[in-house]
């Protein structure tokens, strides 16, 4: 019983982290219409930065040269900031590009980053990676409850990201983003500085992904470059497509579904002797699901919902009463 | 001052030749259908594995296997288009819906191949090639085959594009679809033949790579970004540009080991592509 | 009384690669007028609109709007100065509601900044209130009130045209450039749009510069018409004067007769 409970907890934690990733990607794609296929790059930057900021100074035998031993909150904030900076640098040349070109460039940049992670041993520990990353409050919480505690941490972060992106959706900033997504030239014709809005959306989504990365680093306590391959980007995209893009609830639902599916099928194989091919069968199923979803229900499970005039008015009235 | 090693030239040309073959198809499809086909790498893999079935499972000689791989791949490409892309085109789906769908297709095909043949590397049943030395440059029989085949096929493509009505129609549609349609060109037919030529050339590239190295289910997908780089370098929709782009990328990749760590070699193509898209998106040959 | 020129274009020149799109264009638009801009296909009319509204920078020439030189200004600066442009295809934001489409038009909304939107409504309540009140007023004026929460893509084409004009009105323009407003509209809807344009001109003190191919519209609605061909103005005047101008007739020969 305890074993199953522990299993569910760990699946929920992974699902929660993917949900945060998906919410970040939703800001890119669902709100701003940015086809970002390099999302894993922000996740990786967040993870490695938080790890390097919090880990102890390395001994001579270790490949990496930096370790600052800072408290974990500093690491997490640092991870978010680093992801934002990377987004800014990536965004300058790429956000002017047509959407499908952005897809190709973003993968290219994410791959270049991954090669950097693998080769720059002095920074990242190379292929061997970084290990022994601290877990927050590891001494204070009894071992039996630690995973539950961490799940709680992830859920708090998830709720925070959800509430923030929901707030942005209803805000004037969110309106301008959607207008740029719908028709950039028309938005320009109304006097909007479209590049600035896209860049800001890009950075916000990246910071959220960086947060997911930091949480991941302190959960797994070890990082290697192979963990940051394109399948993370792909899984996040599938979560968004299936769950419903343009809708933060959809991002969460999609992540929950995909991860549950993945973990549930991990233990199925022994029944039918399909063990060896289960991973690929699973992926085939997911691929077919994507194709079918785009064809027959492109809006996903929880479609984007328009905000009514009444809702805008209520918001204005209720919040200004508190002035 | 790095001394120029002509070995780079040979290696670059052979790598470049296969990339160029695959890139021609990708650029034509983008030009004619106006979407970036993320499943394009899988035609390379399908071609390689089809030849594997013929050569290793059925015991046929490699040349025959290579030739058989082409229609098999073409049929796959046409079937995939008919059941997946065509319905979307007909309902007016945009380039992005097609792009995301093609990602789904690539996942399905790649994993289907892995399900059947596992992720182990495979090899063709070939007599081991000897390396020769010409003017101090080491070249194997396989590399000669790759070079000759690529060049012959490219000449063939050139003749097709310039001497046949179909070829001219393809170029016209690739550069300006609405104009082509209003001039009475049957675009659905052009589309079909684009798949045929594109997938066929890519299948050959797959077999050549399989001959030169090994087969694995990710072989096509792994080269996808490199193919994109070649297409963008040469200018989208421009088959000659794709040929040029393929050779340039192949060459630059090989030469790069003299300047940067060899473990970054695959990333070189990405860097070129990113740099191009940012500074000169119309490619080396400029706009049409 | 001096003729109050709201917009003056002098010696405007714009080339793309080797192609001369605008070749020494001269144009005057009087305040509170409805001025037409016509010409055969390829004459450079839309390019002129794009250059005047700031989408292109001219190679040579001068554009003076409301006494201000806006020649090299950005689109945003030009919109702020009071000049707004619409598109041929009624490019309303398809996934957004009618109400939202109008709200976006409101200029200088402080809430649109990321910091303010993050901080919350309190930091931009007055701008939001003003924008919503103005949008409400336009909803009534354009009779789109019952569709305010519908997605713009669900509107009929005539309603979308009206919405686009409404959205342009939200920017508080002095001059609106309408690019082929009647394109693709059935005849009865055209009459409605014409009526709206005239009402907006007189009731809201607006000025319009309209590109049109539909000659009936142009002749009935425009006070003055300028004719372009090959990047230049070849004639200007009232509808009768244009119809009898030999240069105009030559330009249209073989395409359509005015």
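Order of writing sets the labels: A, B and C. Residues in every chain begin at 1.
We take it that a contact is a pair of C-beta atoms (placed from the backbone, for glycine too) under 8 Å apart; a residue touches a chain by one contact, two chains touch by 3 or more.
Note that this is a predicted model, so its numbers are computed, not measured.
Taking the mean of each chain's C-alpha atoms, the chain closest to the overall C-alpha centroid is A. Chain centres were defined as the mean of their Cα atoms; on that basis the chain farthest from chain B turns out to be C.
Distance between chain centres (mean CA atoms), chain B to chain C: 47 Å. If you average the CA atoms of chain A and of chain C, the two centres end up 42 Å from each other.
Computed centre separation for the pair chain A/chain B is 32 angstrom, with centres defined by C-alpha atoms. Those residues of chain C in touch with two or more other chains do not exist in this structure. Of all residues in chain A, those touching chain C in their complex are 164, 167-168, 171-176, 178-179, 181-183, 185-193, 200, 204, 246, 304, 306-310, 312-313, 315-316, 319-320, 322-323. Touching chain A in their complex are the following residues of chain B: 35-36, 84, 87-88, 93, 95-97, 99-101, 103-108, 111-112, 114-115, 118, 225, 228-229, 232, 261, 263-264, 266-267, 270-271, 273-274, 277-278, 281. Of all residues in chain C, those touching chain A in their complex are 53, 55, 75-76, 78-80, 84-87, 91-97, 99-100, 103-105, 107, 109, 111-114, 116-118, 120-122, 124-125, 127-129, 132, 148-149, 151, 167, 171. Within the complex formed with chain B, the chain A residues making contact are 35, 93-94, 97, 99-101, 103-105, 107-109, 111-112, 115, 118-119, 234, 237, 241, 276-277, 280-281, 283-284, 286-291, 294-295, 298.
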